[in-house]
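Notes for the one structure printed next.
When the chains are written out, they are named A, B, C and D in that same order, and each has its own residue count from 1.
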Amino acid sequence: VNGFGRAFRINIFGESHGDCVGVVIDGCPAGIELSEESFAFDLKRRQGCRLGTTQRVEKDYPLLQSGVFNGKTTGTPIIISFQNQNIRSSDYKNQGEIPRPSHADFVAWKKFGGYHDYRGGGHFSGRLTTGLVAAGVIAKKLLSPLKCSATLLEVHGQSDAVSAALAAEKNKDSVGGIIECRTTPMPIGLGEPFFDSVESLLSHAMFSIPGIKGIEFGSGFAAANMYGSEFNDPIIDKEGRTQSNHSGGINGGITNGNDLVFRVVVRPTASIAKEQKSINLKTGASTTLYIQGRHDACFALRVPVVVEAMTAIVLSDFIIRGTKNYSGSLE
Amino acid sequence: VNGFGRAFRINIFGESHGDCVGVVIDGCPAGIELSEESFAFDLKRRQGCRLGTTQRVEKDYPLLQSGVFNGKTTGTPIIISFQNQNIRSSDYKNQGEIPRPSHADFVAWKKFGGYHDYRGGGHFSGRLTTGLVAAGVIAKKLLSPLKCSATLLEVHGQSDAVSAALAAEKNKDSVGGIIECRTTPMPIGLGEPFFDSVESLLSHAMFSIPGIKGIEFGSGFAAANMYGSEFNDPIIDKEGRTQSNHSGGINGGITNGNDLVFRVVVRPTASIAKEQKSINLKTGASTTLYIQGRHDACFALRVPVVVEAMTAIVLSDFIIRGTKNYSGSLE
Amino acid sequence: VNGFGRAFRINIFGESHGDCVGVVIDGCPAGIELSEESFAFDLKRRQGCRLGTTQRVEKDYPLLQSGVFNGKTTGTPIIISFQNQNIRSSDYKNQGEIPRPSHADFVAWKKFGGYHDYRGGGHFSGRLTTGLVAAGVIAKKLLSPLKCSATLLEVHGQSDAVSAALAAEKNKDSVGGIIECRTTPMPIGLGEPFFDSVESLLSHAMFSIPGIKGIEFGSGFAAANMYGSEFNDPIIDKEGRTQSNHSGGINGGITNGNDLVFRVVVRPTASIAKEQKSINLKTGASTTLYIQGRHDACFALRVPVVVEAMTAIVLSDFIIRGTKNYSGSLE
Amino acid sequence: VNGFGRAFRINIFGESHGDCVGVVIDGCPAGIELSEESFAFDLKRRQGCRLGTTQRVEKDYPLLQSGVFNGKTTGTPIIISFQNQNIRSSDYKNQGEIPRPSHADFVAWKKFGGYHDYRGGGHFSGRLTTGLVAAGVIAKKLLSPLKCSATLLEVHGQSDAVSAALAAEKNKDSVGGIIECRTTPMPIGLGEPFFDSVESLLSHAMFSIPGIKGIEFGSGFAAANMYGSEFNDPIIDKEGRTQSNHSGGINGGITNGNDLVFRVVVRPTASIAKEQKSINLKTGASTTLYIQGRHDACFALRVPVVVEAMTAIVLSDFIIRGTKNYSGSLE
């Protein structure tokens, strides 16, 4: 299933070295201003070509092919595609047979019976996040005045992310990091008890981003070392404002009006220039692998905008569904 | 939305102090042996009345009201309900107006316009997890020989969970903990790229359990301090076995055949016997709250079986969908 | 999949001769007045014990077990169950092996591997429509002031339904009929282009009712003999009122504000007292079958209230989703 | 919602006079041979430029932009788009204000607040069925050896469809018709009781095709005039073969192995060259409308291949889900 969302729904498609990658957005309201320029800022943030990130640069020019008329959304499906241009598939020849450690190569081979497009990770490539960022741009417009901001807190334990990334790169290695996302001002009442809790949907979305290995809301794992009397957030006004925010803005799966706060961890880039152990899937022989190609020493540098996008997508879906379980003709 | 799952789907219902709580299970295969006794062991694990947990004890006798015939599942929906008997609603009188900190009282009031059943947390009560555990019992049968085991690793930083819980209780306080869940042996190929990744669905399920505030797969948050050369799991045989398991058994969202491993954090119980600050929703006045009722000092003690249940439910759904994207007439 | 609906969702469960049948309703708004008496009128309409219908009479007393508090819906799942009491399972002994023509016996045997509850049709029984009618009662309250009315236009070609049914019964035979459903006043804008067209969802719902074999909207099949100049509905005012209503109140899948009108056909009751040909599934031998039990000569007499219920359920779902693709903060 | 399907899912996008129209297909198995030539035959059948159909001819060249590698499907999403080229938007100038009778113009205006692309029907155009046909081509490959065949039984009551269409055209009028679809050989056990009945899903799909106003399975509406003893299909062998097929190959919502047979009615083309009555949405004044542009006198001529496509899409979804409610490790 390559779709996500109930009321505001996205579907992504494409391969790293195919014709294009992109996204279809269903359920976007009519009347939102949108042009190809709207995407430039966030797409730029997702791109590589900065210290510590890959040298492959795609222009990432969004083709807005449906769902927009006279500069505004029409209410019907929006498709945004990105042509692939800067491709060096020769780098990827042997990946059909020798799976790269901690990549999707092995599982793709098994799941798709050898028919998958293995070039550059194919459909599993981080390049697919281009579509997520594009959908996020639209979702952010929908959310206004809510604002989602994700920042990279640390890389390999250091707050100076870039120097940590450069140090790893120098050593033919890679590093990961921790990203925090905060959304404010939050309406009260988004989310549902149990299965459509805000945490459930946000975590579902976050683990759709390649390389995320953990998520925590509010105090998160630190809560395991707190007493209830420390963790509980005293309520200080009728609007539900709390003195502390250990809950991260969510109680019982539902937003309580305080800032929505969570953190995700991004693993170190799987592609490293060092020698690694793997096996040949056809012969079964153990082998040594040197990964070619252009890769990020720390792709966590590029992920904050993807985290923001997925957050905005989830919140847009909730916003369209409403803060009450129904606020129609009954009131 | 109080349902979860695509091929194996559950819906829960009920309130803490209403007639009953329960679950409807849709998509369960025919022919699985099932009787009311099948549930006893796991329901017992979920129950309170142990050191550090609530004194309210329900018999938790499962009424298996449809979907079973001659001791086996029929393939049509199964409903399991639990009558509520041991109720002391008088304990909960004032919760309509004075929301308990870090409980769902405030958001329920806002979202449901004051119409919610506030007694004992109503539909937000941990009692609703009875239905999850019952559904998990069936899912575990379906999964066999896969086995999901969740254990409480620590409470308030201590491996001796019970003494940590008792210490907190003595002090009219509460504590949380960390639970690890491991499933083995795992088939290769469960899960989908992106939105139906195994991490996405498992985290979605975990955050449906009241009180979970974080989840991490494999090395999880520790990955932020690792180099790629440490984190990557060298592949050592044709079946995808890896030397280490920092990925927690998942690459690209898909199971790789190694053990599936994740951890969740359970916050301290929100209900504590200490005085707390809140406000009166009707008058807006600040007030002091003493929570009455019978509560767990550490409900994390009861959560492992719920974590197992939700894991089994998610994996059953994936198993029914298959490890290949389709293995029908094409092979 | 035994669930239906996006925003207002129902799940049904139970067997004809099991403990109970019933329905879980998810997504019902809070604050709707509801008691067990609310269901009496429509449940009565669904019941048998009239001329031409079965002699089996269940009391059909609805147990409202969750989702209602102080006489009003809470916004969380509502479960309504009906205990089975008036059962004569001895009538159904041989159905495990000899499938009744045009019943679900044969397909159930094949699909569920012989594990299904075959007594009285089991989960395929018309008795399951009790839950549909109950959910419809709630949906109708939600829809107000929209009113859905279904009437039996004809039975076996005659407008005097009862005499046609009695004539068939006398002859140990059965008959079907045609039901028309009209909803008024209709809001403009329910439904979506293509897959969530109003016709798509309504027909999906109608064919969930056992025994329905056809549906037509507006002029329906008669349109095949009309010219465009006859069929087209001239628009006569700004509110979209049309001079004729050959479209049945829907254009492009979306309601146009005129009455919503459709007809369904109900086949003759499959259970007849006459000798019929079948085979023994175990031996493969041809055999002659006499159906025992108490059956309707014309169950179409009981279906109008079920058609109304499913119509109200579909329209409630659309109403909750709104007449605009989004009517939130954008306007 | 512009998506349809559970295991085999399609999403369509585009506008008649925008950049392109197309479809994204999710859940298609890996390993199916596919090239741009695969679509030629069915796309040709959908095209106009025959007697009685529109003079607008698009080349309908399918761009297969993802999900195919080395001539075979990869198992990940397939996108197929069709560039729009032969556009004469000047024909459609006034449709923003004066809705064409029995078209979607009025409802689109109301639902999308005037932001919709009105040119040539925009997203409501029959041109969107290009994507349905393309998805159908893939679904048909998946279904093999099942074969879906739809034929136009009659136009305006005549079996000579073309002469009926030409007669109408000559008179500046339009006509509709009746299409029958038959699928054979059918497996036993596709479909589910109640909401995912084969009739429910097929009718849902059929009413997604613009202009369909009715559907009937097997004997359909004629059943209203039959006795049970006539309608019931005697079972004549262990494989469930029946002597007659009044049920259309479905009992209890589930396929019984006999041919799957249904008919749909296509209304006369809404766009006719005759003068029609409408109103100006801005001024409210009654007005007279002459529809310009190139239109089919009988678009029913082009619909059989769309009916086949949607049938194949629905059946593929069921096939992937399996004929048993689960045929995994239990057998």
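Assume a residue touches a chain if its C-beta (ideal position, glycine included) is under 8 Å from a C-beta of that chain, and two chains touch if they have at least 3 such contacts.
Note that the structure is a prediction, hence the values are computed from the model and not measured.
The set of chains in contact with subunit A as well as subunit D comprises B, C.
The chain pair from B-C, C-D or B-D that repeats the A-D interface, sharing more than half of its contact pairs by residue number, is B-C. Each chain's centre was taken as the mean of its CA atoms, and the one lying most distant from subunit A is C. If each chain is reduced to the centroid of its CA atoms, subunit A and subunit C end up 43 Å from each other. A straight line joining the Cα centres of subunit A and subunit B is 25 Å long. The distance from the centre of subunit B to the centre of subunit C, with each centre set as the mean of the Cα atoms, comes to 36 Å.
Among the residues of subunit B, those in touch with two or more other chains are 1-3, 6, 12, 27, 30-31, 75-76, 111-113, 123, 193, 324-325. With chains as nodes and touching pairs as edges, the resulting graph is complete, every pair of chains being joined. Contact residues of subunit D toward subunit B in the complex are 6-7, 27-32, 75-76, 144, 193, 319-322, 324-326, 328-330.
In the complex of the two chains, the subunit A residues touching subunit D come out as 1-3, 9, 11-15, 18-22, 24, 26-27, 30-31, 63, 65-67, 69-70, 72-79, 81, 111-113, 115-117, 122-123. Per the touch definition, subunit D reaches subunit C in the complex via residues 1-4, 6, 12, 99, 101-104, 106-108, 110-113, 123-124, 128, 154-157, 168, 171, 173-178, 188-189, 192-197, 199-201, 203-208, 210, 212-221, 223-238, 240, 242-243, 246-248, 251-256, 265-272, 274, 276-279, 281, 284, 286, 323-325, 331.
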